[in-house]
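Chain lettering (A, B, C, D and E) follows the sequence in which the chains are written, and residue indices restart at 1 in each chain.
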Amino acid sequence: MTDTTSIMTKKRSYGGLSTGTVAPWVICTAILLVLPYVFQSNSALTIMNQMAITIVFALAYNMLLGQGGMLSFGHAVYMGMGGFMCMHVMNWVEYQNIPLPLPLLPVVGGLFGMGMATIIGSFSTRTAGTVFAMISLGIGELIAASSVIVVAFFGGEEGVSGDRTYGLPVFGYEFLTKIEVYYLTAGWLVLSALLMYLFSRTPVGRMANAVRDNPERAQFLGYSARWVRFYSFCASGFFAGVAGGLFAINFEILTEENLNLVTSGSILLITFLGGVGFFFGPIIGAIVFTLLQSVLSLQTELWQLYVGALFVLTVMYFPGGLAGVIMMHVAPYKLGKLGTLVVPYFKTVLPAAIGILGLASFCEIMFHFKHAAVGENDMSLFGIEFSTHSPLPWIVIVGVTLVCFWIAKRNSAELRETWGNANVLSSPKEGGAQ
Amino acid sequence: MTAALELEGLRKSFGKTEIIRGVDLSIGKGERHAIIGPNGAGKSTLFNLITGRFPQTSGHVRLHGHDLAGKAPFEINRMGLSRSFQITNIFPKMTVFENVRCSLLWSMGYKYSFWNMVSKSRALNEGAEEILEQINLTSRRDLPAGVLSYAEQRALEIGITIAGGADVIMLDEPTAGMSNTETDYIVGLIEKVTEGKTLIMVEHDMGVVFGLCDRISVLVYGEIVATGEPEAVRADQAVQEAYLGAALEAEH
Amino acid sequence: MELVLVILIDGLVYGLLLFMLSSGLTLIFSMMGVLNFAHASFYMLGAYFAYQISRYMGFWPGLILAPIIVGLAGAAIERFGLRKVHQYGHVPELIFTFGLALLIEEIVQFFWGKNQVPYDAPEVLQFALFSIGTNEIQAYKVFMIAISVLIFLCLLYVLTKTRVGMIIQAALSYPRTVEALGHNVPFIFMGVFGVGTALAGLAGVIAGPQLGTFPGMAFLLGSIVFVTIVIGGLGSLWGALVASLLIGWMTTFAASYNIAMADILMAVGFEMPEDMSEHALRDIWSLTLPQIGPILPYLLMVVILVFRPYGLFGKRDA
Amino acid sequence: DTVKIAFVDPLSGPFSPTGTNGYAEFQYAAEKLVNDQGGVLEGDMFEIVGFDNKMSPKESLIQVQVAIDQGIRYIAQGNSSGIAHAITDAVNKHNRRNPDDRVLFLNYAAVDPALTNDACNFWHFRFDANADIKMDALTDVMAKDEDLKKVYVIGQDYSFGKSVAAAAVRNLGEKRADVEIVGNELHPIGKVKDFTPYARKIVSSGADAVITGNWGADMVGLGKAIIDAGFDGPIYTYYAASNGITRTFGEQGTGHIYLVSEGAVNPPASDRTAAYVEGFEAKYPDHDITQPRIANTIEMLAKAINEAGTATDVVKVAQALEGMEHDSIWGGKLFMRPDDHQIIQNVDIQEHTSEGLQFYMDASEWGMKLVSEVEMAGMDSPTTCKMKRP
Amino acid sequence: MLDVRDLHAYYGKSHILQGVNLNVQEGEIVALLGRNGVGRSTTCKAIMGEVEPHGSVTFKGQEIAGKKAFEIANLGIGYVPENRDIFPGLTTRQNLILGLKPGQKDEDGRWSMENMFEMFSNLRERADVEASVMSGGEQQMLTMCRTLMGDPDFVMIDEPTEGLSPQMTQRVAELLNQIAARGVATLLVEQKLSIAMDIAHRVYVMGHGQVVFEGTPAELKSRDDVRKEWLEV
């Protein structure tokens, strides 16, 4: 759970941003700039935008969960509310033609999200823990339910839609094309991510951690645990609202789903999958999850099965989330022993991966066998066509799976060994002992 | 001059049992004052009342003449009073360094600001490093505080308390669980950092008490049975029976 | 008026059903601190297992076997999954159960398909026991009431007459120390989880015929169960019971009376705007009680948590 | 090259039963009615590509975008008018912003009248009779029932449910002023855990008949509760068949459940119809023909493409579809009304029964049997649609 | 009774115990001394199986290294942890009840709850108060009593006099002697040399994760070098 700060402060670089902190940002921004040239199709852009939005939302969520230790089951509310407000503003801009340039819309969302957070937070942040969690759940359900009732604001089941292009053009951009929207979104992504990162470095941000660990002690250091929570909550609400604004710009429609429990739940899953302990964790989580949801679901009807399995396995074996897996390698890297891991990884992780694919294939072929239309015996996996009604493919898949897992199992000992050594300054005795 | 801390007819009951039964006590500025007494006498409770952890049932607590009635712990702390806990109370998941740095934030005037970067303030970080030096935990700087050994955690507890540089410092059994040698070191440290400040401590180690403090109050069953110079208290018959018993011989 | 009587009975049935779910969850959530979002999924498993069994052996064997199977499954999941996660804290546990819920739903769909399955009450109970006015009360409902009361009594015994409760509560803060005192904490946890899930399973077995047995049934009841035990107060069996009945009756009554907001507003003396279509508050005016019925429990929960954070009967701060 | 049709509907999650069933019907229709007939134009085959929208507007829009990028020109969707509203709006914008890869929206089940009225647009075609038309047919039958005195209207709280309720009140008012509407209410969609209280109200209101547009779990739940509560009148529904509903109602449903739809298969209109259904039942044992209109959709699209002589210039195809007349495989005529793109077809009232069936549903011994038919229902129904044509 | 040979223990990467050897005989009190952080508590934890022990630990001639904590406890080893671990939310009495082994009744063992209350009257007064609110000293007494309720044949007590008033300290010293008198062996981790010296039959001094001195209190008194090097700064 150690925060990335501990790694930063080691460099004792008080004042002045060290290259260590600036570099990642520059690199990420650069990547964002070139991505559209790598993935040019509109759908790729759509999905990347969706990712960006989710990232902002997940980061905002982690301000609560990771840094404030507040577990919320209703955070969709703040994103959704922000989004709905933006939709309405978008429409006003259209009808009253108010001169509000589209790129500023997310600010509106942010402010509205923060407004909501201020109201709800005023009573929900009194305590963390179960009470907070359950209040957030209740509020979430209430708002979601009222969204189908209060048609005037939420537009009922159809939701509220608008048209981003009717606002006044900015430097000649009307945001007709996806690419324009992409750069708008990416810009906001970098900006809000940076702001959230800096927030975690401010006194409030630091105290959020303290309050998370031991609210009472914080009181005796001059800080009111409640106010600290409240501030992080509002900040989080703001960025959630920004995400909502971006959503409004991208999809030009908001509906009940932007508020409901499913959305609130998945952002929790996303954040955790990425890793709550590290600032960049949620980013990874958002990317992976979006891919699973929008791309994997094109490949297989069983995608939810795999998602479920992914979560179960992640928490069981990598409680630090994907980011945790990455950070695990920092120590070996510092000791310059990352190289020693390559071979064992190759010998263990590779077969394991194949084994897992094999397992998945097994599910697929079984699913096809059970549910495919009569006579449609042929299916294709990884580009290979075969009939699910002939024994051969079954034998092959089962065989491959078992063999791979066996190999992985056999080599895992060696991996553990090397892993141990890679984490200590040397002296095999210590390494072997873990 | 007004006393640094003044207790007047202070009472506290939990349910029907009255734990603090009317304590009157006045501690002057710059005084080092020890509160001793049998287990369960109410020393920690007294601390909790003063620091606003519990509301008192009746009576007054005054810090530099200001009544603390109804003030929350954080408000009292901002008025320049800082305390440590008998049962270690730190931020287990944060690094030792972070623990100390957080305890400096308010006193250095950062308050709830979200426009300052903690990592940028030289004063803040060097201040924290300094404290670490003083409590001999520099070597454990980046470990999560939760994994320190018991005595190390006690040291950190004290570090967090004195870091803020409050002018009234209350320590609840600072040397508990420390070996004699550690004890000597910590006592020295306390002596140093509380120079010119007001110190109120609860301690069962008579050596420490008599070595460090200007005045001593003996609390027995929620009442102060004696207050005065160490020698006077030591001589006091009532105290002998109620508390010290054969201890003195044991210690000296 | 006789409808009231009918509603009281229906509310009781629904309430006790909730209780059977929440009682299981009180064990798991209040005692072990596991926010078990898969709880309703075990309820679903109970229904499906019972359905499968009933196709070969009829309803009654299912009533016994299905909960046992679910309980064993639950215990196994605790042993080989949750136990590993437990050490990492409550959020990971929660995520684990989230994933579990997804898995269970997919697995159910895989074996029993996406459609509702024809799982019915036993013939012997498929008759109108008596009818109030034109409304008939099915014998099966009375049966449901009986079972739930039975469960309540059993639990009450276990929790008050054994050390289990204490051990678990102690183990929440200092598991190692409790073990060092000679208690097999892991085993007890496994047992509790098993029993808790078995209860959920039982609830499914008897609710399936009533509320329908389909892959969505778990999600439908998902969060309301938490609401129940939070309102009742964590760790309090009585609380769970009272809260369940409260919610049962509340929602039933809400659904049964078309009290319209318009009437209330006008009673209070507001003017009904003639052109409703464009009025800003039109939705408030057209609001009816059944519309908001399902969200009343959440409203209640929020209010209670704000003013009484430990719930109606909870001792500790929830 | 092949003509691809994107099928954007829930293939996972609680709403997937209707989705997967429709998917099967589309695939079968494409294969039997087009590909086996040698395809369209010079031998181009139809291909149905499934996209799982998880019943979520957001996902729907993403998937539609993905589909468009795969060069797909035809979007088929039906599950929930809510989503249909989102898609028709998105398609409209897309076509305006990207004149060179426009797409058509083939709505095969979302029956909120608004879609062919205020919310209509040139790119949207509805192959299902809308809620008003269906209600018109339904109330025609009800009106004939002399001793019908009291009716209870209940539905899901969203656009479709609301329009059903409105239509019911309007039609009954016109046709049987003497009939009293003893109840007219909406319940949250997909949220009600126990329908008993609603049933109680209905029973104690003394209603002789119930009208509901409920579908999915809300349909079974409501229906069973009503019958359990001791109600013994008819329940007039839109979607109380198949997807486990028929099987779950079982014997209880006989004499209670009536349903308005098109293309009744008991009795089949012709040998061709029978063969078609048999083929389907054989190929997809755990599905049924629940949405006969899907066959019409495919046939008319194929016809339009042939007439237009192109599958890629959707404007031409759309123009061919407008005003198209076609003989449905289910018997009777089909007419795509040009001024609102609402199909006009025969609408059937069917009943849940176990007698005199040639085709059963849910692999059970129950099914739906034709009671009466309304020729070219809603032919002259009014519309407020003013669409801009390219 | 208890025999520890070449015991190693690790926390993550850090090698804390580097081959500890010690033994305890029936009814004797053995003190384990050393600076803060040398690993005395870790030694207890390793014996108890709370940290993974590497090496051999035999109790009543039976190898217990690698056994689970509750199994070890049920073999008759009691452990009083240094930071009290009072169970919150439970009353003093309930805390004591949890000291009983599964199936064991009060009165079964050498000590009954009544004895405890006699020894420490504070506890009786607070018997039905939530234990976690009790005073530091009271909690210290409670942990000790809780462990004794389980009627162990061998107890490891980590810093029992911590936070106790001089009087109470005396009382605890007496208690320890009683324990020994009832044939229970004791491993005492203690900071206050004075007490350890008074009541211990033998003392071990730890340093660098190993035992660096073994002998009687008298011998230790005579060995200034050891005291200088291993007990003082």
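The criterion applied here is as follows: a contact is a pair of C-beta atoms (placed from the backbone, for glycine too) under 8 Å apart; a residue touches a chain by one contact, two chains touch by 3 or more.
A quick note: this is a predicted structure, and the numbers were derived from the prediction, not measured.
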{"item": "Least hop count linking chain A to chain B through chains in contact", "value": "1"}
{"item": "Shared chain contacts [chain C and chain D, defined touch]", "value": "A"}
{"item": "Contacts common to chain B and chain C (chain labels)", "value": "A, E"}
{"item": "Reference chain E; chain at largest CA-centroid distance", "value": "D"}
{"item": "Gap in Å, rounded to a whole number, between the CA centres of chain E and chain D", "value": "77"}
{"item": "Centre-of-Cα separation between chain E and chain C, whole angstrom", "value": "46"}
{"item": "Where chain B and chain E are represented by their mean Cα positions, the distance between them in whole Å", "value": "28"}
{"item": "Chain C, residues touching no fewer than two other chains", "value": "291, 294"}
{"item": "Residue list for chain E, restricted to those that touch at least two other chains", "value": "none"}
{"item": "Set of chain B residues in contact with two or more other chains", "value": "none"}
{"item": "List of chain B residues in touch with chain A within their complex", "value": "51, 72-74, 77-78, 82-83, 85, 89-95, 97-98, 101-103, 105-107, 110-122, 124-126, 142, 144, 160, 164"}
{"item": "Chain E residues touching chain C - in the complex, by the definition given at the top", "value": "48, 50, 68-70, 73-74, 79, 81, 85, 87-90, 94-95, 97-99, 101-102, 146-147, 150"}
{"item": "Residues of chain C defined as touching chain E within the complex", "value": "163, 166-167, 169-170, 173-174, 176-185, 315-316"}
{"item": "List of chain D residues in touch with chain A within their complex", "value": "11-13, 24, 27, 51-52, 54, 56-59, 61-63, 65-66, 68-69, 80-82, 85-86, 89-90, 93, 97, 157-159, 188-189, 191, 282-286"}
{"item": "List of chain C residues in touch with chain D within their complex", "value": "2-3, 6-7, 10, 13-14, 109, 113-118, 128, 131, 133-136, 138, 210-212, 214-216, 219-221, 224, 251-253, 255-256, 258, 288, 290-291, 294"}
